[in-house]
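Report on the structure given below.
Labels for the chains are A, B, C, D and E, by order of writing; each one numbers its residues from 1.
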Amino acid sequence: MYRHKVDIKFVGLLRLLVMLAACIVLLIFGFLLTEAWPFLFSEHGGQLFTDAVWHPTTGQYNLVPVILGTLYTTIGAVSVAVPFALATAIFCQFYAPRWFGRLYTSVMEVLAGIPSVVYGFWGLVVLVPLVASWQGSGASLLTGILVLSLMILPTGTLLAIAALKQVPSEWIQGSYALGLSRWATIKNIALPASGHGMLNALLLQSTRAIGETMAVLMVCGNSTLFPFGLFEPVRTLSANIALEMAYAMEMHRAALYSSALVLMVMVFILLFLNQFQNRLESTANGKS
Amino acid sequence: MTKSVAFGRKLQHTTPQDISLQSGPPAISIRNLGLSYGGHKVLKNINFEARAGKITALVGPSGCGKSSLLSVVNRLSDLQACKVEGEVFIAEDNILHSAVNVLKLRRRIGMVFQKPSPFPMSIRENLLFPLREYGVKGDQLEKTLEDNLRLVGLWDEVKTRLNDSALVLSGGQQQRLCFARCLSLNPKVLLLDEPCSALDPRSTQIIEALIWHLRESHTILMVTHNLAQARRLADDVAVCCLSDGVGSIVESGKTAQVFDFPAHPVTAEYLGFETAEVRSSD
Amino acid sequence: NQRGADTERLLLTGSSTMAPLLTELAIAFENQRGQTRIDVQTGGSSRGITDVRRGLVDIGMVSRSLNDKEDDLQAHLIAQDGIGLILNTANPVVSLTDQQIVNIYTGAADNWQLFGGANEPITVVSKAEGRSTLDLFLAYFKLPVADLRAHIIIGDNEQGIKAVAGNAKAIGYVSIGAAEYSIRAGLPIKLIPVNGVQASTDSVSSGLFPLSRPLNLVTRVEAKPGQVSSTTAADFIRFAQSDKARALILRQYFVPPQG
Amino acid sequence: MMSKAMSQGDRIIQMGLCCPALIICGVFVWLLFDVVSQGISGLSWQFLTQLPADAGRAGGIVSIIVSTFIVLIIALLVALPIGLGTAIWLAEFADEDQTGMAVAVWVRRSLQLLAGVPSIVVGLFGYAVFCQLLGLGYSLLAGGLTLGCMILPLLIGSLEAGLRAVPCTYRINAVALGLSKFSVIRRILLPQAAPALLAGLILSIGRALAETAALLFTSGYVTRMPESVYDSGRVLSVHVFDLAMNVPGGDKNAYATALVLLLGLLLINSVLKKVVNIWAAREN
Amino acid sequence: MTKSVAFGRKLQHTTPQDISLQSGPPAISIRNLGLSYGGHKVLKNINFEARAGKITALVGPSGCGKSSLLSVVNRLSDLQACKVEGEVFIAEDNILHSAVNVLKLRRRIGMVFQKPSPFPMSIRENLLFPLREYGVKGDQLEKTLEDNLRLVGLWDEVKTRLNDSALVLSGGQQQRLCFARCLSLNPKVLLLDEPCSALDPRSTQIIEALIWHLRESHTILMVTHNLAQARRLADDVAVCCLSDGVGSIVESGKTAQVFDFPAHPVTAEYLGFETAEVRSSD
């Protein structure tokens, strides 16, 4: 491939930057691996899935309820947030008056910057008693899902709006010129054309939900028992780390780092699923 | 988005919401139309009539506002940051009235754009999805697909790859696809913005024959740079010219009349290019 | 990190419970001494211990007493923190015996009716495993950690206070100083006596209250002599244990050690 | 827009879409109202200009604002070049050959993975690498670097999407003129992608300001006015966290600090938008 | 992206990296060229010559691969997912050789596209920015700007708004701007893909005169659907037709020869459309 002189240097620089960006995760992975090593690669390793409960101070390390808790909260939060984010994005872009769209975007931008403690705090003081007055202790999977979905909504909405904005106006105009209604235009042109960006936003928000710590910690109840219902308390992997890391010693500490590794593996699986789905989609559409 | 509408007296005899889908093609009459993009005036004092069931050609130099004019007629101008004044009557209704149901209006008015832009989907879906939106179902769909692709002479070229993306078609194929898409909805008025600009002579002939065939049953307003084409096809011609950077219609009337006895010196000059020989000027 | 060669620097890491107190102590010490700079960082008691052991910091903050395995370290008590059981003020129950508390925390008793309250399930609030408050609680009630049946597991005191304040069915245990402050600030919680002893900072300071933990500053036993920082460290520890620090400790709702 | 351009079905859908938007609005208004109403009483000129006292219950937050600002600047200084470079490579160069495409898949995957790492883990990692390995200790620099790592995925994601949305014809035309990719990117693609760039930047800044756990372990807990980037300094979100969770009676100032954070974000966002608008106007 | 290159014997007498920028316009000779998009064959067996300093018109039905063919000549095909076989010689160099410096090559070969697409910047910058890239400085810039805009007849229309965005120009204005941009780099070969399709007759005449004027000093290969234009301008004509869905050159030679005595029945049929009358077919 022939390149401009400037471009040769430019690409070199870019490659360097790309390597830097890609390396960070490797470094983190390596860091976790070394910290988790004494636990993961000793006789304890299997205990993560075979022990009866999570009682690290007595040498019991069953992580399954916590993994389930993470899955439930994430799936729950994403399935609550996605319809709302999508609906509001479409509303802002196609139905609402322009000023509303602009105002809404600004508000979302600010909300995206609220520290997760504030969401957690608000959840703890407002939502937990609200749910408690209805059923259970209030600190539960349900509250966790609600707070988490609130947290990922602003960024999700913003990314969805951005994806819709990127659909070329020729296509939108062409559709309107056929006398098609807005909804037909959205359904057939805008959504498919922005699908890739939407999916990316979804993925980003799912990973964010998986990794979120503070807010979840404050409203979920954090019990390490198996969760059986919406009003039961759950603990997530990241809350587990945040709750216990400060006081954990030796094997307990290594077990916590192992749980961080488990978390990363979960994210990784999610990414693979996504890619698999992408491939399915592209073969279905018959696009090259 | 803002839009100033003339609430003229003429309106009183009609309820503009109910743009009727009567069977016959309607006449289009443009009165005192002006258009400006954010303060920059592009068209002013446009007055002319496109007769029902006839072909009216709109000719004029590049940049004089022909495309902009067309976009007013089906209210696509709503989507641009432009300001429109005056009245456009289709049959008896002033379609610039804010209460007009623009969806019905646009369904009734087909448009083919200067730059062809198929949707990012398969060739088949490009035609079928608008139909489905309008409630056409089953076998009817496939039939309409084939009929319309045949009409524009594209069927044989694409019949084996109907499921391929429409975006990889050649320029001319894209334009014909857009024409077919527009026809599949059975509009009564056709706005054609240089429908043959990307086409070879064979396709041009197919499209010209098609346009000719659509006369009578459709009111056709077409922009063309090809004066020979205008002469061949059009019943009427409107000549749009720039004066002081603003476009206006300097002359309109029966084709033969305008071409052979141009009333306006600007028209005469413009039409003079039709026959110019390049080599001789060298 | 090496600016101002004439400035002595001291770094403290450890318990987040102690961090606000030590920050205030550090400011007071700096004002007194001049030319000194004390940075307080949190990270948990175990971080404090690890960092002191590795020689990364001069002083660690540890909110529990040192155990047998930690005899390479030396603890300097600077304050006491009592742990009291709290209920929502809407709860008519005013006292619980130790056995009743054990029953509640093991799940054997799960309704307030059993203790003269409303017919409502009990929401048990406990601390996360490994935390020194939990260890203290378990040790006092002689409960194995495996027997605990908590509905809500919390991290810091304030979370516990807010959890109980927002839920009339809840019971929890938190730092008495924090609880007293919140009660004064009007939050709907109340402290109940433990083993008949009123839970208050006074009973903690008098040594009567059974559930209390020490707040320690920790150094290595064989801290190398002659280091500037270590003398500064020694000075600071002495300052933290002096009378001048008492007022500050009280202001942070902890109990100065008696004597 | 033009309300008359709607069919019956459209109107129903508009209603249908309006509801979620209003629900969301309602919830967020509730949340914002809480923060604002509780925080506004603590807000004063003194609060913005004094040092914190009595573990944050009294005094102001000036040193904390300064620390936050420095950490944010460092994070952006680190993340912007890397993010921009990576996004450009991913969007413009990765598809050139087979290896590039394969590498891009992994780079993207690693970034998405990074987005999923819990912030507390990033914090511990930042402590291990920047504070200890690189010997920076608890410092604003270490905090900024850690934060830079955290916002990278978000930044790169939106930048790449923005670049990819620029129509291909520009690239083809430029190539036909034999222009270097560098200048095409600088003069055409980046200006065209500027709105996306801005959106990504605003998102990242929001994320950065919201971050707590990672900074607690790296930039630290010290409330003193920082004198250099090597000093430890507490950022706003850590302050909020500490006041709300660790300091009895810290709620009022926690709310006030959260409010300051929001107002600051609003300010930064609007200034950024202005700047980009002016720049875009100049470019065209 | 992949690209198969014929390392023919012919190559041995030249070092392909050094596409020389000699003063005269070079001849283009295309030999055994084939092209396919991901398995779908579009062109095969293309053989013809565009003589140095002459105008060669490439005509043929829509979708037969004319644009694709042009894109091979300046290696723009590299950007598409297409496979190219055969050889394209410009002067003595096979430009399909992988070692060719495509940047120099493209600088030497100007191209005007079927769909005009100015860059999203001001009119002035559209012209000046590529020049600056090539190291042109100072007064020279302004002069080149004016000269080239005058050449395409756009100067008077835009001189007052050189700093406005080029994107709001009308279709025809955009195309002329692109033409001017291409000329400003002084190419020796011009590839024109329907340069007049978006133009009104007046602009068409300007551009045709320009093309005629550029003859001798440039080798020009132009695609056109306008057979009259081909006849007016071109020295040689190559007729590209589809057979079994694959395009190939059925006939090429002197314009008069091909038009008046077409050797191939397909050509005869295709050229027959030139004079067809639509109305009569109705």
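Methods note: contacts are C-beta pairs under 8 Å (C-beta built on N, C-alpha and C of every residue); 3 or more make two chains touch, one makes a residue touch a chain.
These numbers were taken from a predicted model, which means no experiment stands behind them.
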| item | value |
| --- | --- |
| Subunit C to subunit E, fewest steps along touching chains | 2 |
| Common touching chains of subunit D and subunit B | A, E |
| Reference subunit B; chain at largest CA-centroid distance | C |
| Leader among chain pairs (count of C-beta contacts) | A-D |
| Gap in Å, rounded to a whole number, between the CA centres of subunit C and subunit B | 80 |
| Averaged-CA centre spacing for the pair subunit B and subunit A, given as whole angstrom | 49 |
| Mean-CA-position distance for subunit E and subunit A (Å) | 51 |
| Subunit D, residues touching no fewer than two other chains | 1, 5-7, 10, 96-97, 167, 179-180, 183, 244-245 |
| Contacts with 2+ other chains: residues of subunit E | 103, 115 |
| Sites on subunit A at which at least two other chains make contact | 3-4, 98, 168, 181, 242, 245, 288 |
| Residues of subunit A touching subunit B in the complex | 98, 168-181, 184, 188-189, 192-193, 285-288 |
| Touching residues on subunit E, where the partner in the complex is subunit B | 37, 40, 59-63, 65, 67, 114-115, 157, 168-173, 176, 194, 197-205, 208-209, 212-213, 225-227, 232-233, 242, 245, 270, 273-274, 276-279, 281-282 |
| Subunit A-facing residues of subunit B, complex | 1, 74, 76, 79, 103-111, 113, 115, 117, 119-122, 129-130, 133, 163-165, 178, 181-182, 185 |
| Residue ranges of subunit D in contact with subunit C within the complex | 54-56, 132, 135-139, 216-217, 220-224, 227-228, 230, 232, 242, 244-250 |
| Residues of subunit A that touch subunit D when the two form their complex | 1, 3-7, 10-11, 13-18, 20-22, 24-28, 31-32, 83-84, 87-88, 90-92, 95-98, 104, 106-107, 109-119, 121-122, 126, 150, 153-155, 157-159, 162-163, 165-166, 168, 181-183, 197, 200, 203-204, 206-208, 210-214, 237-238, 241-242, 245, 260, 263-264, 266-268, 270-271, 275 |
